[in-house]
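Two complexes follow with chain A in common, the first pairing it with chain B and the second with chain C.
Right, the complex of A and B next:
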């Protein structure tokens, strides 16, 4: 593999430089000088790096339907599939919310890699039914997403949510790092220039929150508003230092089309992970509402709590995200 | 079709199959994911894996029986695996081919000459096998048993029998010498108890090409290439020790540019084993006729550097079959008869070299274990996957292939760097910071993938301590400890308890102690208090800070102390919840409600989800340590 070295012609060996050689060399040297000089000129940075600047942020659209009004339905029944149907019917039917061509995103609670029977995650049966209803109402597409606490793949598989989504014709959006971008919510204390799962909202026209009702030691309860925690990325656990203010921020960040609380079983102890059937109580309720604060206030009853026990609800109400006085919305009470 | 084309098709097929298995080792239910694909197959075909485990455990675990097929074929055909199947060998073959492009035939002939360094691989093989043999030798020589006199007599009788029959069969003298040596070894047991010293360790995985290539692809190349696509995982996979894993792979591949199949010829202990096994091969490559011009073109593409044109070195031939075609006169064939120009069926080994290699191997294990890592000096940060055997038994099986780290859905299983010394290099350990969560409660993937059962294939019931395992309780891999000097509620009076929230055990292994603590500068004089509003003597607190729901005012209400939640505050006033009689309140204590986490060691399984989620992101404020792990009773924490 010896390379051939160009030979110097015999008559040129040891000879002085001639005009032609001189010009060629000068031009090459000049070009090299010009390139390095101009690179230095254009890349010259007299100040050095400064403090990190806030990048311009995107916004999350308002998914609510003003003409649908503030409504809440509280359904009693042991079959969550029937209950969600009656609940939706009671507040005007799915057609009021989902129109032909809508692209629907359902934010489930898939936080933990536990089987559906433990009710630590959105139950696959109610998810399948909701997807079916959306598609029947003419939705062009339905996607399901969450950024779980446990490993995402394990969570979606073990909770049955992945299979339910696939089987009912929805697409599953896993929280890939590329889907997060920074968001600043006007009026929020903490969601400022913070990574949020905005990629899942690409082209989305309607948003539905679908969550269980669970005990939660730090905040008091995990329901609809706290469910938006699963849209947050980054080092989100740091917000536990001021969790009530943070959940208020979530209520400001997300303006959903609908929220649905599945209280067929309520996790009354050892939440939000649960882990045992004995942590659950049969409460036979499904709540459907266009007002997430009202829905959570109604859900709190199943945990034996009043809005005053949950500072985040009072804060969300004060911030204008909804009302904790859900009875003022004349709840439609039906039996599933 | 030329046989070399058939060989290339075979190499390409097995290499593609190997890559496919590496991709398919992904948690999930899709067609391309783990759905019973035999992703361990190449490891199971590897007789060095089977043999090393056979020596240490005196058993052949499940799929390792596949190695019998490879052994049988090698005995009949020679080193077919190296030239036709081995995925690592195919990489070397291809890169070596690229390196030889542009080289003149004379240069290629020169580089494909047999070199005496090729015997190094046999020494490596013997050192590794004898490192695994400590236990077996002790078993036969009864070194740790009750009566060492019996084996001494037994071996001496055999030695005598062999030396009497010296003339009746060849090799009797060697056998006699070996028996005397064994009797001598046994005799040591007459004077000394060697239980503490004689030990075995499977270290073949350090250089065995199949675990090496699995580990390199799974723990370096796949996560590297997938970082652009996130096809096999949602989050970037991280693995420790990649500098070492990757450098060894890169060095092994790049050395082909100097000498083709550098690794196969000089380092590979599996190739060495095949070389020894293939000595009775029925078909061999060799010269068919005498009339050879001595052009040595047969060496020009020779992969094994076995010199087919001369006295062919059978143990070096990898059956690439190139010489069959590079010989212009068609003098070389794959025949049942011996080569016209002679054969060397023994590896180029000296007895002295063999003895040094094997004795070094035997001595290496006790030598390494003087560090006490398997004794009092055990490493508490070495958290083994659930179902792992006790440390000595674990080291008797683990081949450092990295399959458990690959399959772990949360990426918490990591190849160990130096925590447990070179003996534990690349063995699995859990790192709760690197992964996407802790060890998932409802997952037993690692034990079911482990090709050697170093991690037992436990059932979910056994892991969780349910059904028939109710009495034994869940499998614990360690215990979480709260670092009260770093924990936000304990050390800094900040509410948090993320650890408690994410603890997956029911009832939770992390529970909280509630307390109300007066904040810094929180004893305040009151000027006026009416309804639910308290006016302070002077504006002295930060506006809007205490209305988060976590702060309370403590004051004298009548004859008793009363505590009410603060709803909002300005610099000079505080609004609290209604329902308290504030008349006569002269001072208040501004308090924060804290829930401070504590671990219940009876419940904690060491899953490490708390450690992963702890918001103290540098050195975590809750950390799992191996105390209490099920696999070692002597590491238990609690009095039982």
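Right, the complex of A and C next:
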């Protein structure tokens, strides 16, 4: 039995589509559906949004000066300004490290909105002098930075660091969100695709760490290496759970030109915040070194500790970041 | 085949351009995806934002009202919870977090006529008086001077510290001559809150008083002496001749609990390099260990575990442990 195909009425011929037109359009629509479907299938990620790739094209430059060698100076004196001068002079002078045209970044400890008298943060007097020395050595610019999580403006101002930086001719780099980029440190356990204050390093040619020496409730001590914690962004407090390994990661992440430890007063208890002047001990020491592990090992002495009391130091040494045997660097001991 | 009209072509191109724009935007945003930020937002959840400033009338009292005469607020009140505490006090946070911490409220004050002369008030809500005493005792400055704010209070050159009910309070000044103003504010704060409870007095009495440094009594809530099984431990300092001895007492559920914990702690010491030296004469069940260059004495009596920790002189360790054992006999009998 055959079905009769109805004829197209004469008045509709040419106004709509004919069979050929219909087939061509159907094929095109089918092809479009097939392509978009295939594309969707090809791009579909059955695992969903998981951890991001650990590949990172970003890295912190190595700011160390190999020809300067591994050096350390331990200065005794109650005047931190004189002491930092003596310490730098003892290991070759500021000119060994800062050359004409250098763009210097000083990483301070501005973690808390506390007054200089508590020594929980880098003391403004030693910062001013260091900025002055860098500029006198021909530095084209000196910048000062840190990433205090809570209210950075207050931390810089109440600690006196902001005013000291400005007055001495340095610029202050506050931790704006746009300055953070994800970084993976080769060999690190925790700093993998994690936000780091890399924007502060734009154009920088020399890096100096300038920190106080403090007891620390979690890590046992906060000195040069722990000071790099302030370059980390995100919810970094989670790293306190394995802080010694994390500080080792920091030692791998940063290769500074110099580190300077201000132990004119040392916070020997209730760190890292302190709170009472009675948490401080007058230790009259400033340590200047090209080896951050050695500097911290020497600083630990002021806290009454040996490197073996501070697992992060042993881990950093094992990772090749420096030596805990600071006496092997033949420390230059001078009076400030 | 009929060709589309000019209008139809224009509309088609416009739709394609919009789609291309959307595709470009998606690709751009996707390339800037920041997993850390994503994680951060997830972690914050419903937690208080760092440095959150409460609004008047929000149902919470503002600390600004505590300012004494001549003192004004400097900045707003800030609040921190367990997620954000480390933003304010960094590595000190774990001390509070392991001791029942609920929240921290801070407010900075300054002289009305000199903004550079300032102090900051920290009010830690520790949940109960025992927790508040614990964080107070573990941070106590040995050279602190007793203040007018009760037994659990002291002042230093630039600061004031005290327990008030379930709150542990710190007032820290940028200079050394704001003591009167800080004390006035503290009294106002203490007066407005629940009076301090006579917390921990019963436990204090467990320590024999002879040669005891009464101000040294501290309460450790967890992971005491590095041993996860040891919690809720009071420690105190004794002077025995030229030796300083750290004594400890912990009340367990019952006699079986204290005996079992004594054995577990002893085993922990041995696993970490200690050697057992024997029993203290006259104290049944006691044990003395040599731990590298120091001595550890462990006794138990009724529900109480006690002893002496990391003492350089074995005789001093045994003497204090035995004295505590005898002192505990009455308490154990009454328990």
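Here is the rule we go by: the second predicted complex is superposed on the first by the 277 of 336 C-alpha atoms of A that agree within 3 Å, B and C clash if a C-alpha of one lies under 4 Å from a C-alpha of the other, contacts with A are read in each partner's own complex, and residues count from 1 in each chain.
Heads up, the rule we're going with is that a residue touches a chain if its C-beta (ideal position, glycine included) is under 8 Å from a C-beta of that chain, and two chains touch if they have at least 3 such contacts.
These numbers were taken from a predicted model, which means no experiment stands behind them.
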Quiz item: Should the pairing of chain B and chain C on chain A count as a clash or a fit in the superposition?
Solution: clash
Practice problem: Examine A:193 and indicate which partner it touches, taking first as chain B and second as chain C; both and neither are also allowed. | Solution: second
Practice problem: Have a look at where A:117 lands relative to chain B and chain C in the superposition and call it first, second, both or neither. | Solution: second
Exercise. Please indicate which partner A:276 is in contact with in the superposed arrangement: first for chain B, second for chain C, both, or neither.
Key: both
Practice problem: Have a look at where A:315 lands relative to chain B and chain C in the superposition and call it first, second, both or neither. | Solution: first
Practice problem: Answer with first, second, both or neither: which of chain B and chain C does A:20 touch in the superposed model? | Solution: second
Quiz item: In the superposed arrangement, does A:92 touch chain B (first), chain C (second), both or neither?
Solution: neither
Self-check item: Touched partner set for A:174, first chain B, second chain C, both or neither
Solution: first
Quiz item: Is A:237 contacted by the first partner chain B, the second partner chain C, both or neither?
Solution: both
Practice problem: Look at A:152 in the shared chain and tell me whether it touches chain B only, chain C only, both, or neither; answer first, second, both or neither. | Solution: first
Exercise. Just name the clashing stretch of chain C against chain B, choosing from 2-10, 20-28 or 182-190.
Key: 182-190
Practice problem: Enumerate the residues of chain A that count as touching chain B in its complex and touching chain C in the other. | Solution: 112-115, 149-151, 154, 158, 216-218, 235, 237, 240, 243, 269-270, 272-273, 275-276, 278-279
Quiz item: Contact residues on chain B for chain A in the complex?
Solution: 27-29, 102-103, 107, 230, 233-236, 409-411, 435-437, 440-443, 488, 494-498, 500-508, 512, 548-550, 565, 567, 577, 595, 609, 613-615, 617
Quiz prompt | chain A residues touching chain C - in the complex, by the definition given at the top | solution = 17, 20-21, 24, 51-52, 111-115, 117-118, 149-151, 154, 158, 182, 193-195, 216-219, 222, 233-235, 237, 240, 243, 269-273, 275-279
Self-check item: In the complex, chain A residues that touch chain B
Solution: 1, 112-115, 149-154, 157-158, 162-163, 174-178, 216-218, 235, 237-238, 240-245, 269-270, 272-276, 278-279, 308, 311-312, 314-315
Self-check item: Partner chain A, residues of chain C touching it in the complex
Solution: 1-2, 33-37, 39-40, 43, 50-51, 75, 78, 84, 86-95, 108, 118, 120, 139, 141, 143-144, 156-159, 161, 170, 172, 174-176
